[in-house]
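Alright, structures below, take your time with them.
Look for chain A in each of the two complexes below; its partner is chain B in the first and chain C in the second.
Right after this comes the complex of A and B.
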């Protein structure tokens, strides 16, 4: 009788171990599938951010905060009003365009980076919108950067070629 | 007489109970996974729609129309909130899967977009029409979202509106030759949507939405009142900030002998738009907007 009970106990233990092993196997397989799925999700999130930056950079110069409108003669497209964007408040416009950072960099003359503020406005070459540095992930397009200048008591329009850079987050 | 017993050993009983438990657990996990998958697809679609709206930013154009085709029957929920500096445009997507609409809690938001539509738009093909709003400077491009399945017919509209709609060639907007199933938009008679072009209001579902400029008139025609009023508040928040920006610009260029003399008007515009309650008050700002616009056209140094 005692031998029978011992045999049954061993069988139940065997069964329990097999079931635990099967459950663990499926849990591990599930976790593996989830890891693959979520890594793909991160990739597609980055792709979407990139797509957003690509489509935004082509149209950003026409948005009201950037565009020259008719303030430099006739209407111009892809023209950024330097006198306007220099006053864009970081705390207000942070995250407004859904990108990490926006930078407008004068192309000529090639000088070391001097970030513009209201104090050095006439002697700088980079206007930054957003606190983040423009790093590896950015999309750029060429724009004309215009502002009013004063020479011998008379004002004139000064337009220079610049690069509008939009950086996006990598997930 | 022999009695029959079903002999099941304890090992079998144990295996069956634990087996059922494991099966239920697997079914539960799979269902959860499918739901998560649907949420991912819905959120991705919402974000993609928002991203695809970027090219609708206009340059010189007075309007743009394009279409959007989705792979399955979709509901695009349009939500708007006025929190924060600019408020937020929220898009939520629900797609038909196994004849049921998926439910998502994920809202995708954008601060720089203004979509005017019903609470939700349903279909596979959607039309997107955008038009810039100048008040007095360009504020943004307004986006009007409609489904291919919902037709609008404009009756007795003024010539400029008729020309604009005809040139858009948007298939779900008809002019004068109305199909039976279309929603009638009337300018001089009584129908589902009534536009008083001179009185500057749109009457829909027994409620009035006031407008200034044609861009806001279309907005009132195509959208739900709650959405319209919320977007008006968001747009006025943008005017408030743009007025401040132009004021700063005016100060900056005045140092270069370039005077616009618009500083005081822009400050007034800034404070008036900050206190705007609803579209009914648009008219009270409009006199100032027109004045600013005239002055900017005539000034030595134009601000926009």
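Right after this comes the complex of A and C.
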């Protein structure tokens, strides 16, 4: 009888040790995963900023603030109205889109960089929205940058291929 | 004694199996998706944008866009200044693609632009190396029953 009780006690002890060991093992694994996850938080935040910039760059050209609408004949997609966005350079729009900076850069024909303002509007190739410089982290897409231009005494619609660049913050 | 040893070995084996499964799971969950060299939306937007580019070739009415220049090239028209519309189309599109996709400064290794009108090749622009990794897009439009297809591929 005594031997049976002792054997049972040993079995219970054994089970208790196994349960403690398993619990400890999972706690350690959990801590390991949490450490790794938290160490990647900054990268995740940067990834989110990047995703936001991608979403913005794909829809910005067709947003009311940027799109040509029907100013250049039929409704066009991926068309940015240069005459409209030059007014967005005002400071009241900085931070409106929740990104660091937006820039539209004409790519053809190639010319040296001239940042647009109301004074040199007809002889420039980069329109900046927001005060921040476009840094190394940016997402870009192609757009058609259109404006009304006067040539040989005649008004016509001039559209040029440009790059719409949205820069985002890195954490 | 022997039974206890067997149980300990069994327990150790279970721990090792569980640890391996967890490590594999962590490995997969931490593997961040690789950034693509070129995104599909860039290629789509490139085609849509260059079609709207205003060229320096004009007819009696206006300065022609690339899209209109393609139609005029198919019809064998000439610009008001006497230049061939197909030559203007070729030089303008070459300039646009060269400035838009810089092979030397980016992971892009090459590109190919094809314009096919009614099954006939109107224009082919090719630069760089043709690799097995590519992303491309196409755009169709028609005028007077004729179909024009534009294909653009970037190789990386």
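The rule is simple: the second predicted complex is superposed on the first by the 130 of 171 C-alpha atoms of A that agree within 3 Å, B and C clash if a C-alpha of one lies under 4 Å from a C-alpha of the other, contacts with A are read in each partner's own complex, and residues count from 1 in each chain.
One rule holds in what follows: a residue touches a chain if its C-beta (ideal position, glycine included) is under 8 Å from a C-beta of that chain, and two chains touch if they have at least 3 such contacts.
Everything quoted here is computed from the prediction, not taken from an experiment.
Trainee: Is it chain B or chain C that touches the larger share of residues in chain A?
Mentor: Higher number of touched chain A residues: B.
Trainee: A:24 contacts which: chain B (first), chain C (second), both, neither?
Mentor: In the superposed model, A:24 contacts neither chain B nor chain C.
Trainee: Tell me which partner A:62 touches in the superposition: chain B (first), chain C (second), both or neither.
Mentor: It touches chain B, and chain C stays clear.
Trainee: Looking at A:77, would you say it contacts chain B, chain C, both, or neither? Reply first, second, both or neither.
Mentor: both
Trainee: Considering only touches as defined above, state whether A:115 meets chain B (first), chain C (second), both or neither.
Mentor: neither
Trainee: Taking the contacts chain A makes with chain B in one complex and with chain C in the other, which residues are shared?
Mentor: 58, 77
Trainee: Quick check: in the complex, which residue numbers of chain C touch chain A?
Mentor: 4, 7, 11, 15, 18-19, 22, 26, 30, 32, 39, 41-42, 45-46, 48-50, 52-54, 62-63, 65, 95-96, 99-100
Trainee: Residue numbers of chain A touching chain B in their complex, please.
Mentor: 8, 11-12, 15-16, 19, 22-23, 26, 30, 34, 41, 44, 48, 51-52, 55-56, 58-60, 62-65, 67, 69-71, 75, 77, 81, 83-84, 86-88, 92, 95-98, 118, 121, 148-150, 153-155
Trainee: Under the definition above, what is the set of chain A residues touching chain C in their complex?
Mentor: 14, 18, 21, 25, 29, 33, 36, 40, 43, 47, 54, 57-58, 61, 76-79, 107-110, 140-144, 146, 151, 156-163
Trainee: Per the contact definition, I'd like the list of chain B residues that touch chain A in the complex.
Mentor: Residue list for chain B touching chain A: 9-11, 14-15, 18-19, 22, 25-26, 29, 33, 40, 44, 47-48, 50-52, 54-55, 57-60, 85-86, 110-112, 137-140, 238, 241-242, 245-246, 248-249, 252-253, 255-258, 301-304.
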